[in-house]
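Alright, structures below, take your time with them.
Below, subunit A partners subunit B and then partners subunit C, in two separate complexes.
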Partner chain A sequence: MEKLHFEYQNSTPVKKFAHVGVVASGDLEILVYPADGEKTTLDITTGSDGFEKVWQNVLDRFFARYPLNGKFIVHDFGATPGVVNLRLTQAMEALKDEK
Partner chain B sequence: MKNSFVELNGRQRAFALVDENSGRELVGPEYDMISPHLEPQKIVPESDDGVILVKGTLNGKNVVVISIEGKFQGGGIGEVSGAKIVAALEEALDDNKNGKTIYPIIILDTGGVRLQEANYGLLSISEIQNSVIALKKYVPVIGLVPGRVGSFGGMSITSAVLSYLITTKKARVALNGPEVIEQEAGVREFDSSDKDLIWNTLGTRQRVKTGIADELVEDDVETIKNAISEAIDQKKDAHRTDKADFYLTLLDKIDFSKPLTTEEYRKIFNETKAEKHEIPSAVSSDTPGDKSRGRLWFEKLTGIKNAKSEYPTVLAAEVDGKEYIAIVPDKNNRFPRVRNGEVGLQEGFVISKIVNKIVEEDKDKEVKRPIILIVDVPSQAYGYKEELIGIHIGLASSAAAYAKARQAGHPVIDFIPGDAVSGGFLAHGLQSNRMIALADKSITIQAMSKASAARITQRTIAELEEATKHVPAMAYDIFNYEKLGALYKLVHDVSSWDANDDAVKEVHELIDEAIASTKDQPTDLRFRYETPIAIESGRKATIKMREMVDDQWEK
Partner chain C sequence: MGKITNIWPHDLLTFTNDDDLILEENPLPEWAKDSLSKAKIVVVRRGQFKNGLIPVGLRGYERNQRLAGYLKKSSIVKQYHPDYFIKHESWCDLPIERQKLIAFQALVKIAPLLTDYQWGISGSLAYEMATGVKMVKESPEHTSDLDLIMPDLPKMNVAEARKFLARLNQFCTHADVQVVYGENGFSLEEYALGRDQQILIKTATGPILSENPWQAIKER
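Up next, the complex of A and B:
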């Protein structure tokens, strides 16, 4: 298990809480809250060690398209980059949902 | 087109069962109430710790759905997830007591105790069972076992105390999983690679035919909702833990030295008619029984020399107004899997009869007879026939009997001079309101042997031992167990194998003190949360979760 921390300067504020995914084998859960300060923060707990660079790439690409400014907590149980990207996109969709 | 329920995750399942837009989740993922015990073992936690609570309505009736996420750590019950379930059940109990009807629905998709939090899992599961038994006086408590995990371990015992069990064909129900039986009893007892054998024995298609589950439904959301709704409306109750005479009759007919197929068992099951069994008290004899710490202390505390009984593994007798009960080894027992003192099929049913009789006899008495459990149980019995017949029903029967006795006002006191392991401890020990243990290194107190726990959690024994250093609940000794806060007393100057006169006198006095301490006190298990050790550290996460559920319940 490894803990990773990333920060971004993003422009689109997250206004509510959203949650997607399950900490199942090959999957992850993402918790998104409104940002604490100006920065977007990601705190990732992952069961697969040594993939910091891969996370960086997936996140860079995602935030370049969708600059969400929020606080992210991620619990990852060995999700592939494709699954990570899918869950991030789902989280974004959940944030858009009007309820 | 059918809408699969099984394919949904735990949260979707909980919301799928309630009327549209009526569901409200309690202590949801936004609170990020993770287990504090996983990260120290390098295991990734989940924000809801694998249990989802949703309050809402089902066909207009108030319900609380408790959904166990089978995909997170196999649906194992740890401290936080366990406390979440118990807290919800207790809130529902309070509401029902106050005339506000609410029906609990439990979705079981669980391997039982979360082995990474072993002793917390056992404590929590016994507390869940206590709450379910208390609730059943008011409302049916409906269980749903959709699959894919099914319901195993201590939670299969819980499944047996529920009022009514609905399943799909994608689920299995059993106490010991095939891999554990193979590990503990050998591949000839149960071949865990034989999938047909497993499904034919433990699969719900067999289980509904043999009284272990009640209804098999299609894997479809609407069908499942209707089945639950009907069970609630008709107050369906299988009374699964009130069938001791039936099972004792059935066991009389089975030769445990011979093979037994699933078809043969179904035939015996269908042909069996309950015959009344009397359980005489243990008496003294000329021949010493097989040695164990349990037998030693039973004989010393009761004064019965070379105690023997009709059911040789269960010693029970009333002395000075107190009922003492012990489970002991019997190396020639006709059930091979209980010869070392394990709790098997017969033990659970016999104990339930003894305890239920005491409760019945004292029903109108103001002062209820204390029941003293002498705990020395190396485990539950691991065997193919045990699973085929449903050993978890036996264990649930004694657990339910002890819980009902305690709830009726009987002091139920554990004296632990020996091992207290797993399903054996759930059946004989964990429903007590006070636990007295000896501070003796020979005592093992755990959910599973190291070999099996390592196999199931896919770790080496060395890794497992490393984990026990960081998480007291993972340890196997009574000294770490004390740190959880559940003990009433740890006795430092008495050892397990030395029951000398002074020691016996001291233990008698401690038992009497423990009995006195239950006077005018709650008859549930909350004592465990209220000891100084529990408050300070042992049950901190439990207490926090209970407060949060209480805050968010909305009375």
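Up next, the complex of A and C:
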């Protein structure tokens, strides 16, 4: 079990709560809240250790396209980068829907 | 074992020589060597089959001990489809103290509830039943999930899916149902939440989102 923390400076504020994904093998759940401060924070709990660089790459790419400023809590159960990216996109869509 | 014709994600495959397996890490981590010394078995991953190479994963006891690789189709000795363990009631062949674990007890109780369905089991329970290697966990921190694989599950609405899962989840362990069709699959739990308009579908070429997962798994 590993805990990872990432921070970004993003411009688009998250205004609501969103929850996507499931607790299941090869998947993950993402909870998104409005940011606590100025920074976008991600706290990731993962069962798969040693993938910090892979996370960094997926997150860099995602936030370059969608600069969401919020607080992200992620519970990962061995999701592939493709699943992570799709779940992030789904969270972004959910935030849009709720507006 | 008869001729190998069809190979699907979640199947367990045994082989004879370590060299038959091409892993994405070299040299191998210690846990992988240890795992291979106990049982030469891998699980089929979703992905493209090319040049007779099947995408597979090797596992160790810990959840972070997973390694992706490829197995040559010609080197398969035995294939266990997830329903093999149900048809053979393979849990009966385990030592009594292993049969008493919460996860195996739950499996025994779930089996009569699913007699009308096509289903199978993957994950740590399948691994242990195929190899006899202790893989199922039971500790205050973590009890193994039941990874149930259900091909061609008839379409349910969200309320029906909730009811269905509630029946399977009454035995002190988490039953994780994946509805599959060919290489594709989605989590029944995600569907039953009824929370999102779109559901994640895993396919051989990567995950997609769909509003109608029952239809989409058959189309891809």
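Here is the rule we use: the second predicted complex is superposed on the first by the 97 of 99 C-alpha atoms of A that agree within 3 Å, B and C clash if a C-alpha of one lies under 4 Å from a C-alpha of the other, contacts with A are read in each partner's own complex, and residues count from 1 in each chain.
One rule holds in what follows: contacts are C-beta pairs under 8 Å (C-beta built on N, C-alpha and C of every residue); 3 or more make two chains touch, one makes a residue touch a chain.
Treat the numbers as computed from the prediction; the structure is a model and nothing was measured.
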| item | value |
| --- | --- |
| Side-by-side fit of subunit B and subunit C on subunit A, or clash | clash |
| Broader residue contact with subunit A after superposition on the shared chain, subunit B or subunit C | C |
| Contacts of A:Phe17 with subunit B and subunit C, given as first, second, both or neither | first |
| Touched partner set for A:Thr45, first subunit B, second subunit C, both or neither | first |
| Which of subunit B and subunit C A:His75 touches, first, second, both or neither | first |
| Touched partner set for A:Tyr33, first subunit B, second subunit C, both or neither | first |
| Partner chain(s) touched by A:Ser25 [first = subunit B, second = subunit C, both, neither] | both |
| 22-30, 112-120 or 202-210: stretch of subunit C that collides with subunit B | 112-120 |
| Residues of subunit A contacting subunit B in one complex and subunit C in the other | 1, 19, 22-25, 27, 47 |
| Interfacial residue positions of subunit A with respect to subunit C in the complex | 1-2, 19-27, 47-50, 78, 80, 82-83, 86-87, 89-90, 93-94, 97 |
| Of subunit A, residues touching subunit B in the complex | 1, 17, 19, 22-25, 27, 29, 31, 33, 45-47, 73, 75-77 |
| For the subunit C and subunit A complex, residues of the former touching the latter | 63-64, 66, 123, 145, 147, 174, 176, 178, 187, 189-190, 193, 195-198, 200, 202, 206-209 |
| Interfacial residue positions of subunit B with respect to subunit A in the complex | 9-10, 28-30, 32, 34, 39, 42-47, 69, 71-73 |
